[in-house]
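In what comes next, chain A is part of two complexes: it sits with chain B in the first one and with chain C in the second one.
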Partner chain A sequence: MSESLLNVNDLKTYYYLAEGVVKAVDRVNLKIGYGEALGLVGESGCGKSTLGFSVMRLIRHPGRIVGGEVFFEGEDLLKKSEAEMRNIRGGRIAMIFQNPMSSMNPVYTVENQIAEAIKLHQEIPKDGIKGKVVDILDKVGIPSPEERMKDYPHEYSGGMLQRAMIAMALSCNPELLIADEPTTNLDVTIQAQILELMKILRKEFGASILLIGHDLGVISELSDKVAVMYAGKVVEYSDLTGVFEKTKHPYTQALFESVPRLDVETERLHIIRGTVPRLINPPSGCRFHPRCDHAMKICSEQEPPLFKIGKKHEVACFLYR
Partner chain B sequence: MIKMSETMLEVVNLRKYFPIMGGVLLRQVSAIHAVDGVTFDVKMGETLGLVGESGCGKTTLARVALRLIRPTAGTVRYMGHDIFGASERKMRKLRLEMAMIFQNPYGSLNPRMTIADSVGEPMDIHSLAKGAEKEKRIMELMEKVGLAPFHIYRYPHEFSGGQKQRIGIARALAGNPKLLVADEPVSSLDVSVRAQILNLLKDLQEEFGFTYLYISHDLSTVKHMCDRVAVMYLGKLVELGLVEEVYSNPVHPYTEALMSAIPVPGRKVKDRIILKGSVPTPIDPPPGCRFNPRCRYSEPGCAKEDPEFIEVRKGHFVACHLKK
Partner chain C sequence: MSNPLSAKSEDKDKIYKPSRATRLFLVWKKLRRSTLAVAGFGIVLVVAIAALLAPVIAPYDIDWTGSSRRPPSMEHWFGTDARGRDMFSLILYGARISLYVGIAAVSLELVIGLAIGMISGYFGGVVDEVLMRITDVILTLPELPLLIVAVAMFAVRSIHVIILVMGVVGWPFMARVVRSEFLSLKESTYVEAAKSMGASSWRIIFRHIMPNILSTIIVIGTMDIPWYIFYEATLTFLGFGDPSSPSWGVLLEKGYLYLGSQWWMITFPGLALLFTSLGFNLFGDGLRDALDVTMRR
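Coming up: the complex of A and B.
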């Protein structure tokens, strides 16, 4: 028995393209405890979504999970059959996506789609399903759910649709909720509503959360722990205050300084020189070293492991050897 | 620093309604009130931020202000010239001084034109430069925006998003503009690339003394970039003032909620004001103050009359019945 709900060990997910192999997730380790919310931050192309999809085993050709283990309550998801996986997806592990418009089926009503998820994963008598749909839509704050559930997705606004998506994800009481940029497409005030809702539901349902995103503010709002990803690797991992106040990894530091903030006055924003490397042929050693101000000789020669520097703080950087 | 007293762009009571056609005869059945009576000015050398949520009319406002589309009513004066009354010929001259930077660098460059053609197009249209001189000028522009000059015979797909946005900026600079309207210039870019473009815009302003109208829904970048900020809600301005003042002491209840909704990195914000519902449709906006159905201070009178846009402190305007 393990003490964490999700335990990702040395996970490798590669995409096999004509030009070469893209190592989108390259030996990543992650843990999410029971009831814990982990924020996974990084820029686009760093592999954060691939990681989320790998946990769900939703990687499609030309991508493939080539190594590692994903323990979910002590069982390796990578060893499950496709049929077993189908049971887990949407049931014990649910996912919400960035764009609710394209993740709902436009030709079925909202009721239909949520009922389908319930039918597949729970043994509820047929006449009880409708009540359950009303119930869950009411919980996520859809006004007059009996009527609105008969609507098609296009009749909902973006914020409402994201609420419906959350309702669908929670309808089967998942133990783990993977939320991939759940508020990126929404306006600030609607985003605030959704974040508030997720906070309340987290208390009520007690699900663990893997929150994937690039907005440092949104991540802070919901997470207990934060993992920072760069070019397919986790470079820093700690609790919220560790990452934001005692930021250690040069990439994390540079990333934070490049964002305009409301509470800090800056004349010029920090710029990370160069660009994010292509993952087909990533730099040797530490993948950040060509752009790092503190790079040493060893950085280009060896890959830094995650060094433990505090009780809950780990950094993949030779500065903290 | 340029004196920021002279007015460059003056927008008075501007309205833009888009008709909705319907019925068998396709007559106009109603209208989208995209911009509904907006008054403000942009001072020379300043950066004015225009913030609001999607669908509030900020992009339409910018497009009308540059006469890319005709208004329903109202006037816009650029350096004293009425731009809606100007002849095509005169407008052509004025257009040289106003340029726009678009949100989507992928969609705003023609994929079948080389960078030299795209950036050089304004020079052809306005007969600014030809042949070798044009090429030299394009190369200079590329350097100004931080791209290597040898790139100019490549096509847009060969560039990254940040580079494309730089090309978009180079194109906007081709006619030596004075006023630049930037419509969400960084919202489709990644965090670290965003910083590069924002710094570039600031550097260019310092070098050439540009005036910016900076449109965005991202309140943190607006605070970083702008001197003054105008907050728009459902086709109307609800608050206008200096950035420091509006951000630290928002007067309008909508601005207050908007400011409190911004997540702060590294912190869990308590006592956030959560607005109920979503923005109503601009086809049939609520009577009286348009924010009243969602306002937590709303009083019966709010739904009756449209609040005036009044100066509550020097240079700080608010449209709210309760703040008279």
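Coming up: the complex of A and C.
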């Protein structure tokens, strides 16, 4: 047994397209401790969702995990058989998705779908399942769950469906919850409610969380640690204050400058010049150097490793050599 | 409720919940909005009743013979045929065979098309490639000559041979549709979510994807029934039929000889065929709209 629940080592997930190989996740290392919440931030297309799906081993063709290790409680998930993985999925690692409106099968009631998840992983007598569904729906704040669980997904609102999805994910007491932008498609008040709910449930269920997102505000609400991803690489990794207050990597700094602020009057929003590079042919050396204000000669020549600059703070940038 | 986030509006949420039987009623209610769909349903119902209750409704036994080639009258609504049998009774009994042919052939098409489309669409890869090329080959060949050649290869003239051949020739379209539905639904978030909850491939295919394409399958199946009835009639008319099963095709084939003088012998079986086909098509069209679960609101 290792000291962390999830330990991702040198993970590589590539997509094999006709135009070339997209290195969506390229030698990524991550750790999530017991009961810890890790926020994974990055722009769209930087590989953060791919990383989440890789942990679940749900990468679809033409994608493939080509290397690395994913230790979950000391066991390498990449060496498990498909049948073993099915037991882990939903039972020990669960996932919630970006779009709650399409995450439930339209032809079954909410009760039916949560009951299915419970039946897949737990040996519970038939008459006990219904009570369990009511219980879990009540915990996530569905009003009069005994009635509403008989509804079809299209009879729920987006926020309620996300609650139901969380209920389904937590129904089997998973040790790790992967939340792939769980609030992106919800409006702001609902977003706050869902985050609040996740905070409460985190305490109650004690599950570790991998929170994937691009919204720095959302990430800061829930995470203990933050990893910043850029073009398939982790560029900065630290506890919450490290990333949010002692931001080191030029990319992370630029990200924070791009957040619209109400307290400072500015003419225009700050933007990061250029675009995220196409991962088929990424820039040499540090992948951020063409867009970086502090780029040096070495940046285009060598890839920066993660430099340890504080007790829990690592940055992949030559500025901190 | 212990949770501080729980909404308090419990009473307001006690809304009307339809049971399974009521849901079937709701489909009917939606179907009723379209006059054409109701007309189609009516025709299908009439044909089905005629087929089921032929021995009860028919005024004469099929073996009964009277004076031949009588024009329509009060005793013989649709006249009599060359052997003096009552045309109306013959058409009622013919409905049994024609309907059986249509339903049996569609069932066969469903089994083959569903299996091939589902394997092709869900698993993809080389299997998909091979299955789809076979499908293409069958689709490229013209249907009627293919059916004639296939039926002619069998030594026995039997209605079952015709059904078998039609089902085997007719599945590619169904397979294509099922495949494309599988291709798009296997990428859907709820399939992804089901996988993330630990569902196996078979569970996803049968529990999560199949029910979602059921309405499409029902609609295609309904619309294909007259297609098979027509092809059986065509084959019979061209002399490849089963003379021992007096389907509408057999009646047409015999009535054709008297086209110039005794018009009723070919007209009434022809009309029966026409209306049945029309009925199934209108009904199928109506079902397409009525069965859409997500549109029920």
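Here is the rule we go by: the second predicted complex is superposed on the first by the 314 of 321 C-alpha atoms of A that agree within 3 Å, B and C clash if a C-alpha of one lies under 4 Å from a C-alpha of the other, contacts with A are read in each partner's own complex, and residues count from 1 in each chain.
What we mean here is this: a contact is a pair of C-beta atoms (placed from the backbone, for glycine too) under 8 Å apart; a residue touches a chain by one contact, two chains touch by 3 or more.
The structure presented is a predicted model; accordingly, all values stated were derived computationally and were not measured.
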Chain B and chain C placed together on chain A: clash or fit? fit
Applying the touch criterion given at the start, work out whether A:E196 contacts chain B, chain C, both or neither, answering first, second, both or neither.
-> both
> Counting only touches as set out at the top, which of chain B and chain C does A:N281 meet: first, second, both, neither?
Replying inline: neither
Which partner does A:H270 contact after superposing on A: first (chain B), second (chain C), both, neither?
-> first
- With the two structures laid over each other on chain A, which partner does A:N173 touch: chain B (first), chain C (second), both, or neither? neither
| said: With both complexes superposed on chain A, which partner does A:Q302 reach: first (chain B), second (chain C), both or neither? | reply: neither
Checklist entry - In the superposed arrangement, which partner chain does A:R86 touch: chain B (first), chain C (second), both, or neither? => result second
Reported in degrees to the nearest 10, the CA-centre angle with chain A in the middle and chain B, chain C at the ends is 80
Smallest Cα to Cα distance in angstrom from chain B to chain C after superposition equals 5
The shared contact residues of chain A with chain B and chain C are 193, 196
The answer for chain B against chain A in the complex is residues 53-54, 160, 162, 190-192, 194-196, 198-199, 202, 217, 219-221, 223-225, 247, 257-258, 260-269, 272, 274-275, 278-279
Per the touch rule, the chain C residues reaching chain A in their complex are 1-3, 5-10, 13-15, 17, 124, 187-190, 192-200, 207-208, 211-212, 293-294, 296-297
Seen from chain A, its contact residues with chain B in the complex are 43-44, 157, 159-160, 187-193, 195-196, 214-221, 240-241, 243-245, 254-256, 258-263, 266, 268-272, 275-276
Contacts from chain A onto chain C in the complex sit at residues 56, 58, 60-61, 86-91, 94-95, 97-99, 102-108, 116-117, 120-121, 138-144, 147-148, 150-152, 154, 165, 168-169, 193, 196-197, 200
